[in-house]
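Shared between the two complexes below is subunit A, which has subunit B as its partner in the first and subunit C in the second.
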Partner chain A sequence: MKYGYYPGCSLERNAKAYHQSAMAVAPLLGLEFVEVEDWNCCGATEVIAVDQMAAYALIARNLALAAEQNGNGHLVAPCSACFLNLSKADHYMIESPELAEKVNTALAAGDLHYEPGTVKTSHLLQVITEAVGLEAIAEKVTKPLYGLRVAPYYGCLIVRPGFEKKYDDYEYPTVLDDLMKTLGSEVVDFPLKAHCCGGHMTQISEPVAMELIRRLLHNAAEYEADLIVTLCPMCQFNLDAFQDNVNKYFGTDYHIPILYFTQLMGLAFGLSPDELGIGTEFVSARPALDKILSEAPTKEKPKRPPKEALPMPSLGGEG
Partner chain B sequence: MTEERIGVYVCHCGSNIAGVVDVEGVAEWAREALKDRGVVIARDNKFMCSTLGQELIENDIEKEGLTRVVVAACSPHLHEGTFRTACQRAGLNPYLCELVSIREHVSWVHKDKAVATQKAKAIISGGVERVALHEPLEPLHVPIHSSTLIVGGGIAGIQAALEIADSGYPVYLVEREPSIGGHMAQFDKTFPTLDCAACILTPKMATVGSHPNINLLTWSEVEQVDGYVGNFTVTIRKKARYVNTDLCTGCGICEEKCPKKVVDEVFEAGLGYRKAVYTPFPQAVPKYPVIDVDNCTYFEKGTCKACEKFCPTGAIDFEQEDEVIQVEVGNIILATGFDLFDARRISQYGYGRLANVFTSLEFERMCNAAGPTNGEIVLRDGVTKPESVAIIHCVGSRDKNYNNYCSVICCMASLKFAHLVEERTGAEVYNFYIDMRTAFKDYDEFYQRVLEEGAHFVRGRVAEVTDAARMPGEEGKLIVQAEDTLIGKQRRIPVDMVVLAAGLEPRHDSKEVAHKFGISCSANGWFIEKHPKLDPVATMTEGIFIAGVAQGPKDIPASVAQGAAASARVLGRIQQGEIALEPVRASVIEERCSGCRICNNLCPFNAISFDEEKKVSVINAALCQGCGTCVAACPSNAITGTQFSNEQVLAQLNGLLMLNVANGHGAVTEAERVPA
Partner chain C sequence: MVRCPQEIHITDIMYTLKRKAIAEGYYRESTAADAPGWSETYIDFVEKYGRSFELGLMTRYHLRHHPLDMYKMAPMGLGMLRKGRMDLTPTRIKGIKQLQAILNKAREVGGEL
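Coming up: the complex of A and B.
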């Protein structure tokens, strides 16, 4: 399957490991990613807050390029912010012909035109779990991540493009949980999985950012997670690069490595840590990864609940 | 030119019409301009519907020899009957009277007086053209069968059944579950008086069970409804109980000996267990158990039969089969109740994931002395008493993501829970609400009482319930996070237990049931009444009535009132012995019918069937409500409707178009008037 690939700025800098691991894993899953030529920044969260018109034009330029260069019109973005911005611009251009016209007037200056709705943008996780599917992924697993306790962290941007067809449950998504289980790891029920990492608050308000990051680390530590797995460069950066700051700020001592899901997929597929950019993170993942067992841990038989205990609600709906 | 003598009567409706339409001018115009179209008299009156107004028409019919009457007033929904009856009193066939609406269609929707007046004239012109083609019609009289079918054995259905049966008429009460009692039987206490629910319900249940006029069909479902008001034939499937009720004494030994224990998702709301052979609760009516074949070891593996071995009367019958019966009834009352909103859908409240989050129905069972915990309020471990409890209101109600309506009962039920928690555990109680809705008798007094007992109230919708501790004191607790909109701050309140006051939803199969009985559901899925204020228990289908929550969320007193109201309507019908049906009906012109059957499934009242021999569609005149859908849909013009034939409708259009109403500016000059 061939996709247009929009890496976004982060994947060229702080999230190089994400790019590297995505590119290493893709061919194993039969995915071919062709980078959109001459792409530009999506504007992240800032530009849209300052000037919406300029922001949509900035984003739509990428959609126009993708439509021009990529026949089937399917674009994949590994970064949650890029994914949200690309989808959002397309959605609002479909909804408002007036906006589409203005955007296209701007694009015309660069001899470009974008017909709203021609490019379908997906997040990398979506392509992997939906287009490839967990069954096909399970077949590729050669070194299961036995014994590794993983806290799946989605962040807020991937699940909340409220205008789109709902992607998983936006309050309590489970698709990354399922992927991690497929890789053989143990998944902790991470209550803060869709909470905010603080975004660019680190540059605006230190107390707010530190508290938001602390909560996530604290919660993962409470659940005895060996590491947090993410799908967003912003989340990874805040939790990883600022972990030391949090420890100094609050007098805590967290050492929780933050890896991308593609890095864990690569490990499970038998690739070497070096091929996946593991080792470039601030909080070293080595100690956590050393815990991976060669054999599946023997599962303790679930204890019979005591006689007086009340049954838990069934999974199905009522009626 | 018509030879009819037509009278036109224009109503002021106080200032409702006269405030916008020049009523006197319209009457004068009708007198002059419509003279050559058969109008011999045109009058206006402050209230045509008043006795004086009606007498005006009656006098003119008698003295002026009117043969047709056009009344220009409100919607036919309101006063068509009034004016038809007035005509009838004066000896004119009531169907020779036409009511045209110049209130709903003109004065209430227009501001420009000149245009409104002109439009009123056009509408009267249409009515005059139409009425000339009206034919005298005679109503259809059909006998009413004195038996009644009631579907649903909750409190609304029970009340309706008892009212009718006590009046001496037979009732078939059909209930899907093994026992009657409905949701009320699951409750412990009822608000605001805190009566024990079972104490007030079970005597009624017992009466139903032994009533000579009630044929109780539990563990049964209606499969098909044929016929029409007064003469329904209902097909009912009595599901196999695998228990011979002639032999069973209800001793309960089978249940005791059954080795298979399963979670009871229905009566115990998932909080407790039952056996594979069971009666849902000790006071069940009837007392006979049923075997749940999906969980019975014998049906799964072919061995066990413990129940059969121990049954002292040999009542277990594994060979029993479903029985399909047909009953004849005159009227039907649907009291099918509700399903509880599935709280799993709001994932951030953690139901199904966090052990100590409960639904309101689970909590009802927990409080019930006959429930899984014998009335002890405890955490999911079955032992620990909570020291603090949060009750979250409006779960799935008043929320555009789920149901936009208010579920009515949850505020009061939550107050009841708060009281019971306080009384039985002394725990701190936090109610998270949007608005407190404690209307109706003694309800607000109960709210005051619970406030005085010390329950806390936080106004704000809860953002999430989590076990992720963030601050000291939160460890091991469920933390309820909400914006307290009264102090304008976020609050995190750690508690041991959370109760979700889940909303009421239409039964999952309410749309199918509505279709089966030929009635309609609102967009939300509740059954639609004939009129939301003035006819709340009848439906648009003659002979089908609704009662209880199936019509919309309501509490026990309101459900009982509706059950009684529906039965009063049915009893009135039965005592008349026969019913006069509107002769406004569609019929098929057989020579033109191609047998395409397009009309068959369009009929909202199931009135059209297909005659396989003649290969034509046939309309049952008693079932037809005269809606006209089939007339419009028929591709070969083979269906015609009395009182809405093509000729009549085209004549009305023609009359409307004789006047030029809108020229875009509002002003209408005499010159623009198309001469009649």
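Coming up: the complex of A and C.
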């Protein structure tokens, strides 16, 4: 299966481990990703906060290039913000011919044109879980992640607001949970799985960002997760690179590694940590990964206690 | 939890309000008064290179808005460089002139929808 690939700015450098691991697992799943040539920034949340038309024009240049360069018009974005922006611009351009016309007037200044609806954008997780599917993934697992307790973190943007297609749930999605179980890991309950990581608030308002990050780390620690698995470069960055800041800010002592789901897929497929960019995280994942067992942990069946052990209320007297 | 039955995308309404607050200067009274400064610095880099440039963005933004907080960011910035997670120089796309022409036209067409 061939897809256009829109890496986005983060995957070029900050989240290069995500790019590297996505590119390492893709061929094993029969996926071919062809990078959109000369793509530009999607605008993140910044451009649209200041200038609506510039924001849509910025996004639409990428859609126009993707449509021009890729035959089947299916684009994959590993970054949640890029995925949202690309699908959102397309959605609104389909919905409003007036917007489409204005955006195309802008694109025409660069000799480009975009016909709304010609490029379908999916998040990388969607392509992997829907187009490839869990059964095909299970067949590729050679080194299951037995014993590893994983907190699946979705963040906001792939589940909400949901322009292209609704995920299984706005607040409590389970797609990534299922993928992690397929890899053999143990998935812990993670009630804050679709809560915000703080985005760029780390730069704008430190107290807000610190508290949002702290909650997530605390929640994962409460459920005794060995690591948090994520699908967004912003979420990875905030929870990983700012974990030390959070510990200093609140006097806490969290050491929870944050990995991308593609890195765990690669490990389960037998690839080496180096091939997957493991080691570029701030909070080292090595101690957590050392916990992976070679065999499935045997779960002891809870024995039924002998009758005489039942906590019968004592009535006093002879009993 | 209840979601809007009309499927109104609340975040986009928030963006509209944010743009209005910035355009009319109300943001100065907000607790996130630096948000427009951050956004504008971000946009400057995207417009100049076509892609985000984290080192430049963080340095310029903090120098302008939080010069005294630079020391808090320094260890993380060094960590980013050491881990190979931050570039020292920006990447410029080939079609930067084309992108600038598109953005200028977009501003000219302008308007809220």
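Following the convention adopted for this analysis, the second predicted complex is superposed on the first by the 298 of 319 C-alpha atoms of A that agree within 3 Å, B and C clash if a C-alpha of one lies under 4 Å from a C-alpha of the other, contacts with A are read in each partner's own complex, and residues count from 1 in each chain.
Keep this in mind: a residue touches a chain if its C-beta (ideal position, glycine included) is under 8 Å from a C-beta of that chain, and two chains touch if they have at least 3 such contacts.
Every value quoted in this text rests on a predicted model; they were computed, and no experiment measured them.
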So, A:Asp189: does it touch subunit B (first), subunit C (second), both, or neither? first
Looking at subunit A, which partner touches more of its residues: subunit C or subunit B? C
Is A:Ile258 contacted by the first partner subunit B, the second partner subunit C, both or neither? neither
Have a look at where A:Glu12 lands relative to subunit B and subunit C in the superposition and call it first, second, both or neither. second
Applying the document's definition of touch, where does A:Pro306 land relative to subunit B and subunit C: first, second, both, or neither? first
Answer with first, second, both or neither: which of subunit B and subunit C does A:Val246 touch in the superposed model? neither
Check the residue A:Leu271 against both partner chains and state whether it touches subunit B (first), subunit C (second), both, or neither. neither
Of the two partner chains, subunit B (first) and subunit C (second), which one does A:Glu171 touch, if any: first, second, both, or neither? both
Shared contact residues on subunit A - subunit B and subunit C: 171
Residues of subunit B touching subunit A in the complex: 263, 265, 270-273, 339-340, 342, 344, 346-348, 351-353, 355, 359, 362, 366, 372-373, 378, 380-383, 464, 466-470, 507-508
Applying the document's contact rule, which stretches of subunit A touch subunit B when the two form their complex? 169, 171-172, 189, 191-192, 215, 218-219, 222, 306, 308-315, 317-319
Please give the residue numbers of subunit A that touch subunit C in the complex, ascending. 9-10, 12-16, 38-41, 43-44, 46-54, 56-58, 61, 92, 96, 98-99, 102-103, 105-112, 160-161, 163, 170-171, 200-201, 203-206, 208, 241-242, 244-245, 280-282
Seen from subunit C, its contact residues with subunit A in the complex are 1, 3, 9-12, 15-16, 18-19, 22, 31-32, 34-36, 38-40, 42-43, 46, 50-52, 54, 58, 61-62, 69, 72, 75-76, 79-80, 83-87, 91, 93-95, 98-99, 101-107, 109-113
